[in-house]
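Multiple structures are listed underneath, in structure tokens.
Shared between the two complexes below is chain A, which pairs with chain B and chain C, respectively.
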Partner chain A sequence: MAATDVNPTALSLQADLRRKRFLKMGLIWAIVLFFVAWCLQGTIIEDTDWARVGGRSGVLGSIGRYLTLDWGLLPELLIPTLETFMMACVGTVVGCFFSLPVAWLGAANVTPSKMILYPLGRFLMVLSRSVHEIVWALIFVSAVGLGALPGILAIAMRSVGFISKITAEAIENIDAKPVEAIRAVGGNQFQVMYYGILPQIYPVVLATVIFEWDINIRRSAVMGLVGAGGLGLLFFRQMNSFNYGGVSMVILAILLLIVLGEVISHYLRKAVI
Partner chain B sequence: MTEQMPAPRPSDPPKWSRYQYPESLIKHGTLLAVLLFLGYSLHFLNVDIGLLIGALGRFAGVISERYYPPDLEYVLDRGYLEAILDTLQMSFLGGFAGVCLAIPLAWFSAWNVTPSRRLFFPIGRLGVISCRAIHETIWTILFVSVLGFGMLAGVSALTMFCIGFAGKLFSDEIEAIDMGPAEAMRAVGANPFQVFLFAVVPQVRVAFTGIAIYTWDVAFRAATVVGFFGGGGMGWYLKRNVQQLENLRVAAIILSIIAMVLVAEFLSGWLRATVNRAK
Partner chain C sequence: MAMQALTRCNAGQATAGRNDMAVLTVKDLRVRYSAKGPEILKGIDFEVEDDDFLAIIGPSGAGKSTLIRCVNRLVEPSGGSIHLLGEDVCSLNARALRGLRRNVGMIFQEFNLINRMSVMDNVLSGRLGYTGNIRSLFRAFPRKDVEQALYYLDRVGLSDHINKRADELSGGQRQRVGIARALMQAPKLLLLDEPTSALDPKISREVMALIRDIALELKVPALCNIHDVQLAKEFCNRIIGLQDGYKKFDGATDTLRDSDLDDIYAMEVL
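Let's turn to the complex of A and B:
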């Protein structure tokens, strides 16, 4: 009898709780949907030039222009594809070099000074991630001129944030005993880093770098849009000469390159971990 | 006793064999090949290594010379503030639509609960991968050429970007669930949709909310440059001033982008913490 007996006040409390939660979820959804409606009104209904869109036939016609592939572009695709790939590789390596000191500054347990340099390291990480790669590329194009170099630097700067953040977290989570041992026998800062920390964070950092390299292929494919060479430049030229079949070819080349990068990074990650 | 076989030693973990003959050759050979490839890349791309090393010094010089006192009055102008609001609206709308479309695609492309491994799994995977593979700026250019300049193109491009971004995270999350409830529902004859709704969704609800908020954060970052290629918002001001070589205004706009991204990041971090606490 006692097992099946349920306290009526507990039941009503539970129902009360459920109703409260239901109301709360409803309120959240109402707010979200209100925001969606407001944004739809502001951005799409008021801002769109529907005459330019031209109804269903206009849109389908615009899409149809992309479907006739321009196979004549095939021989011209090889070198930009290679350039894009190389830009991603070099950019990732340069980014690793930049992110080492940043991670060193921004890891709470090894930073040389907690008051000044630690916030600086954290700030650099956030700065690198919050500026979009196109903006970085714009800055570097104006600093070092056109060509592959601004693309490499932009990719490197954009990679610093993620790589150094993960590295700093890995450094913060290391086993402190080897570090202490090296300090105890009189190792200097560099020796502590090289013999105490590096072997412990090596797999995590390498996996992160491979992940970032995969993303950087995507990024380097658009660097040409702002003057930094590679497939983006070819894309930009084809678009400006209204050769829509050529645009589709460039996109196919980008897709192929990215699938290749994904396959390589899959096997590399398997080999590392 | 003496002729008793010694206990079989556990095979050495691969870590210890790493520096023995064949592996060490492979390791150092790979390193050498990578270095050679990087050197050849620098040569192929016509990069002046001296310039690369001196670039950071030049960078500081260029910043202090051309960009230094940022024209802050320009970004406090009414038109620009409205553009910031537009960017926010675009990112919210793109994130919302992207997340809504990403949920079914993630369901299709999760190997453990997909409705059909032959038909829906490849469709879902292909959809997510192709949305992810193409950069958001390229999506913007394509949509601008189809739909015309304006925020409709920007929102569409952000939607595609968010499908790719959220779809991958969602399907990873679904693949990591506890399969017990799903098996139980299957055993009593539930169809795949019922399994998804009553066995999968309750397990991933909180994680999905967090991912959706994070998606908005990332979409906002992308939305700041969508306008650069004709999608409306802050990026359009950036493009205009870059082309007119109004460097001080460009500096102010970049500063405003950084400030807004920081605000968005803080907001999304706070919201995610709240969701995690309320679960």
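Let's turn to the complex of A and C:
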């Protein structure tokens, strides 16, 4: 069959279809491009102080100031670095502690009340995650004052959402058979949870807690920006006194701490799973 | 030592057995899982005497599992009455129900073991009904429980596997762990929910023989769901036939005729 023998109706239908698709694609692209241009106009073009940016040398010069290191700051770094690390650890532990009841409320198959407490548990999970750690820190600084304590509380509150959500999901996915067995031997509510549920969820929960601890080291490094202790406070002071070499030193310390956390959590996770 | 404990236990059961009342009396038992759902059991009556090894046979969906789970109220009956060891099962509060459940050993189709725990801890979990929360938290079971567990593990032939994780064992071995766990309760009734249907024919026969021998030895009556009629005839002294929530047959094993079986399994032929 030669190419000219095709059914003319099919051909015209095809041509029609393709023209329509071409127009549709063109329209979508036009909308996307317009939207991006509009955003650029609103943010960068109108909002930037172009005189302040100056020439190329100005920008590079400003960035270059950070490339020096203020080694004199070294002795002052040790304590805040340690404090940052401790805040992350204690914050994670406290967060786990609060996660347990929230997970219990928010797991559909074990919640004490499906009508009231289950939605409450789910709401607490969302609340914990939808408020940024800095905002939590601001709230706790105004509640308990400056120092590491508000930082720990902020980290704990921020951790609850993720840990309890994963835990609740793990509880919802358990195999019901061991639970039935523990109920059948006359086990009480605690024994059913401890023997029937916990052995099934603990690998998942432990891996999640280690992951959260790793993230919490990052979080605790910025807590000081709002007065909640750790390296962030030192960072804030160096920035305010225009000591750019000092700022770089603090960033370096944060980097080392995070690498350390990464290494530790890697081996911990291996040990758990 | 463990043997002595066992003998004492037997003596206790033997005296209890002399009561004229049946161990288990079920009257007009009805179950529906939801208010509008179909009725799964439609008025079942039967009794278990203290020397019974009673089989419940019937096609899939007849209500065998539901029936057996009503006895220790893993499933809530919606009508009728159940009297077990002289107590009205349906009227018990949560605490009394736990007290009753620990007297009833249950063996499951899929073993229902805690996979991440050792064989020993699984067997000891049979004692949880007698164990306080603090001891449970640290898995600190009394010494006599550990001795008893070692004895039963030996009895079911698992002495070489005590510290293995439950999920490392084969199907037949896992069911033996399930049997030892049920025995740890010092049960006064055994509920067996299809104990062999996850096992191959040879192992099935071994496991059934083991359960029957132990039940005879400890003088514990047993109520056994089983879909394999051959096994039921071979190991059980009485048979109840269920079909679609109704009792179709109830009598000694040697009175079960082929026409009864045709009746019980009539729905399946269609």
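The criterion applied here is as follows: the second predicted complex is superposed on the first by the 240 of 273 C-alpha atoms of A that agree within 3 Å, B and C clash if a C-alpha of one lies under 4 Å from a C-alpha of the other, contacts with A are read in each partner's own complex, and residues count from 1 in each chain.
Convention: a contact is a pair of C-beta atoms (placed from the backbone, for glycine too) under 8 Å apart; a residue touches a chain by one contact, two chains touch by 3 or more.
No experiment lies behind these values; they were computed from the predicted model shown.
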First, second, both or neither for A:44, with chain B first and chain C second: first
Partner chain in contact with A:194 - chain B first, chain C second, else both or neither: second
Which of chain B and chain C A:82 touches, first, second, both or neither: first
First, second, both or neither for A:27, with chain B first and chain C second: neither
Chain B versus chain C, judged by how many residues of chain A each one touches: B
Which of chain B and chain C A:181 touches, first, second, both or neither: second
Interfacial residue positions of chain B with respect to chain A in the complex: 37-38, 41-42, 44-48, 51-52, 55, 58-59, 62-63, 66, 85-86, 89-90, 92-93, 96, 129-130, 133-135, 137-138, 141-142, 145-152, 154-155, 221-222, 224-225, 228-229, 232, 238, 242, 247, 250, 254, 257-258, 261-262, 265
Contact footprint of chain B on chain A as seen in their complex: 32, 35-36, 38-40, 42-44, 47-49, 52-53, 59, 62-63, 66, 82-83, 86-87, 89-90, 93-94, 126-127, 130-132, 134-135, 138-140, 142-144, 147-149, 152-153, 218-219, 221-222, 225, 229, 235, 239, 244, 247, 251, 254-255, 258-259
Residues of chain A touching chain C in the complex: 177-178, 180-188, 190-191, 194-196, 199-200, 202
Residue ranges of chain C in contact with chain A within the complex: 72, 74, 98-106, 108, 110-117, 125-131, 133, 136-137, 178, 181, 185, 191
